[in-house]
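Shared between the two complexes below is chain A, which pairs with chain B and chain C, respectively.
Entry: the complex of A and B
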């Protein structure tokens, strides 16, 4: 029909519709570029903290796709991080795959498991999904601890992962791993920004606000939610792969239920559907504890208290998404 | 000539309640058809059956001679049937523009990965659909409030936003559930013009309405139901003088008004 003719029209949009996002995008890009210089100025402890931050930030952003944007109560997100880490660990240590070759497999398996789990469950009410994902998290950890198929290494996990190599170059040094993690984080942030602006991102917002109204506009709720779950799980799988590389080992304790709770809390406390909110939440949950290591035993007490205060005073999160993003 | 939409022997039972009973009627292409009846007559149930929210206990719904009974709501939308709601259902946290843009959902043909990678084809499509949304906002005189939060607008305007969102999907049939509810006289009169304009743009209209001013003035054909059964059918003039309608519908309304006074 007139479709092709319409697509050819590229008349400019009103200025109000174009500003704003570009500014925040530029600020974000500048901050990211500055962060790349961390290894030049900070000591090795901080370089590894910053690298771990990047990995958890990717994971938290992936949880945000499911929880914050999709409105699906995924309380087992550490599973997908774990699947990615184990896929990389097993393929590398048992089968000798190069690290980078394991990454697509890590993404795909995590995404497939996410989709398979979500498809029958997303029709359920939020609280049922929550309980089901908790159960799945418990099963996953148990399976890994019990050395499923003789390849997960039981409760000790897997050790001695190779370093990533690209074009004969070894990414073995701490700064090299840091840069790898931050480049992937940059990519993840770009994907999140694009998601915000594309039809899928908007579709999730329609569904979260009024599923019936969205459906009458032609939105296939089940397909959109399953897709969101798969994308979120796949991105977490990639983060898991980086996690295994960073520690050069994989163990079940990194993917237990409390890790899922933390990821869930990051999104809620930071701000659902808000990229800066999720990054801020990640920093508070993972970086601040490194600063207050001496008070480790009070950590969860302080966190618990802080979470209550945030939820009472700022129920939309510390850095809520703008009411009408473009 | 065959009907655009046809209901044949529709029945719907909730528990022991017979909400709709052996209801048949047809909506001809290009018409404005009114479905009227007293409160609780089953009008909204009929809408929910047509739009796939409910699957009828008996009978079938035909769309362009194809049986569509029990088709999922999002597939019904794909066929070109769009609806509004008795209680307005706008996306509360979105602007007027974003709400109307939502109506273009099915026109977005690019895949999710094209969107996530922000490929040129997807960006062109975004621009085109934004333009299209602005056109619709202009048509329904909403351009000046495009960036306002949708639910901050006066009630009558919110109705228009919902209508704009419906029309953005280029439907063949729009189903309006009490479009005049909550409107003042001026807004209600303006609604008549809007409904005519929709019909003149080639879209068939089926509406449920209590406001007799709207029903009698705009419809080509009226179906009257009471207790889930059709009691009369015809043009405005024949309905106005139909004794069964006067007794069942207008009589009831008078009693309502007395009770309210």
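Entry: the complex of A and C
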């Protein structure tokens, strides 16, 4: 039944459902606007936690495009975050590019690498794709550590990135960085919302439900999946660029395999293909551990325990995707 | 020539260990289609339990060989128990759920065990006591081969032969193979699939505990993040041989051990891991079913 509903809904939606969409969008917009006021209320520690939340939320959303929507088991997503961060770091510190000029390059290179790596691998069974992406992640980190091409700064990484400047304005203060990150997060959320409704989004949903039926009807599975991979990787590249700016340094340890595991888990724990789910997952898996810094010794033990408990009690995720026909 | 023979023996030793650990991955994957990410950490738990037993009983006057044997028994019992508990608590409730839920549960279990080890034994590197085993060294064609290496290779071969005979020539082994092909049909044939899955979570971790303790004895050290490294290598070995395929895991382990030894000996140790992962990706691209073919029935 679900499949037939999926195909039939190229027609306009009933008004009731449309309004439902608008409500969730309006609530989201209101929450986002309220969040912009964080620097006015909270102290600097919280402002930087909120800024980092935005960066990881963008990354987790980009992982959701590949894993949650595309159904491709990408367990090396930190690679694209890393590519974005290194592109910005290298172009800025070694070649003197302004930060904002490095961002398109960060997006493009991450997207290109994502598409190139994915194209030959997406025909593999899910578990093999997962293992291959783990392999890429390990190779990427080693290449950065071993100072590939003499420009990655080895295991120390790169330091002293410039602050972003726009129209002669320096975005050097913590609130300025925060607003930059949150504006990009707003853009990423808009992208996710449009992806939901556009042809690629519907194609991916169809492929995920029944790839055989979709390809029989002439859907080019390989093209759609490669495109999804490239978009996800590119968005992660942009997040990586912001990450480098936020820390004003880039090092290999931020992009190790464990980070990829966390991103993967965020999507599954939060709810695949669910925007609020992914945001909730990010808050739980990246921000809560920051808050419990004082219990450093126990926090990952509890973290692992929580992952099992959430999955056993809510295998579909904490905030699963609504079952809409769209 | 001496270096070559040396690397062959080093590779066979490490390969035997990889194979012992890989068997746990491949058996679980064969029966449940689940990558048990916690397996590597279970193996290292075995190393820590064995180490604690050995340091606790050192100087008690009992013969070293007997204590070492007991250390193996204790760590097998503890790790197999942990494996069984893991299956019951973290995997059994998710058998009918989305596969990714089980994957995340397995990742959570891995984080839990790894950090559990850290909480109990600390984050520092533990050194294994020396003098547990004779320090005899033989020189063969310019290469020196230690007693520990010979023991590891011999025990690994024996255990693998025993497992092969068990799975292919006993009634229960047949039940395991049947459940791996089709659980529902196996159930209709009167096979207790729950028992089969539980048994896989006892046999795999038991062999893994031996592998983990071998790692400790061979490298003379144990630290809490070791599980990921060796677990990943062993998992690559399982894929190399063909996932779900028991002789494949053995062959994959030995080949990967040799490959690693030569990569470290002749190329560069700082790129050793990258070369291994490059090999993994090459296999997946060229022959994803592994060298001996996977034994996994694809569900349509």
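Methods note: the second predicted complex is superposed on the first by the 310 of 326 C-alpha atoms of A that agree within 3 Å, B and C clash if a C-alpha of one lies under 4 Å from a C-alpha of the other, contacts with A are read in each partner's own complex, and residues count from 1 in each chain.
By our rule, contacts are C-beta pairs under 8 Å (C-beta built on N, C-alpha and C of every residue); 3 or more make two chains touch, one makes a residue touch a chain.
Since we're looking at a predicted model, the values are computed, not measured.
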item	value
Touched partner set for A:130, first chain B, second chain C, both or neither	second
Touching partner for A:206 - first (chain B), second (chain C), both, neither	first
Which of chain B and chain C A:198 touches, first, second, both or neither	first
Which superposed partner A:41 touches (first chain B, second chain C, both, neither)	neither
Partner chain in contact with A:304 - chain B first, chain C second, else both or neither	second
Residue numbers on chain A that touch chain C, as the complex places them	67, 73, 120-121, 124-128, 130-132, 134-136, 138-139, 142-143, 145-146, 257, 261, 264-265, 268-269, 272, 297-298, 300-301, 303-308, 311-312, 315-316
Interfacial residue positions of chain C with respect to chain A in the complex	29, 33, 35, 89-90, 93-94, 97-105, 107-116, 118-119, 228, 232, 235-236, 239, 243, 270-271, 273-274, 277-278, 280-281, 284-285, 288, 298
For the chain A and chain B complex, residues of the former touching the latter	3, 6-11, 13, 16-17, 191, 194-195, 197-203, 205-206, 209-210, 212-221, 227, 231, 323-324
Touching residues on chain B, where the partner in the complex is chain A	51, 53, 72-74, 76-78, 82-83, 85, 89-95, 97-98, 101-103, 105-110, 112, 114-118, 122, 124-128, 130-132, 147, 149, 165, 169
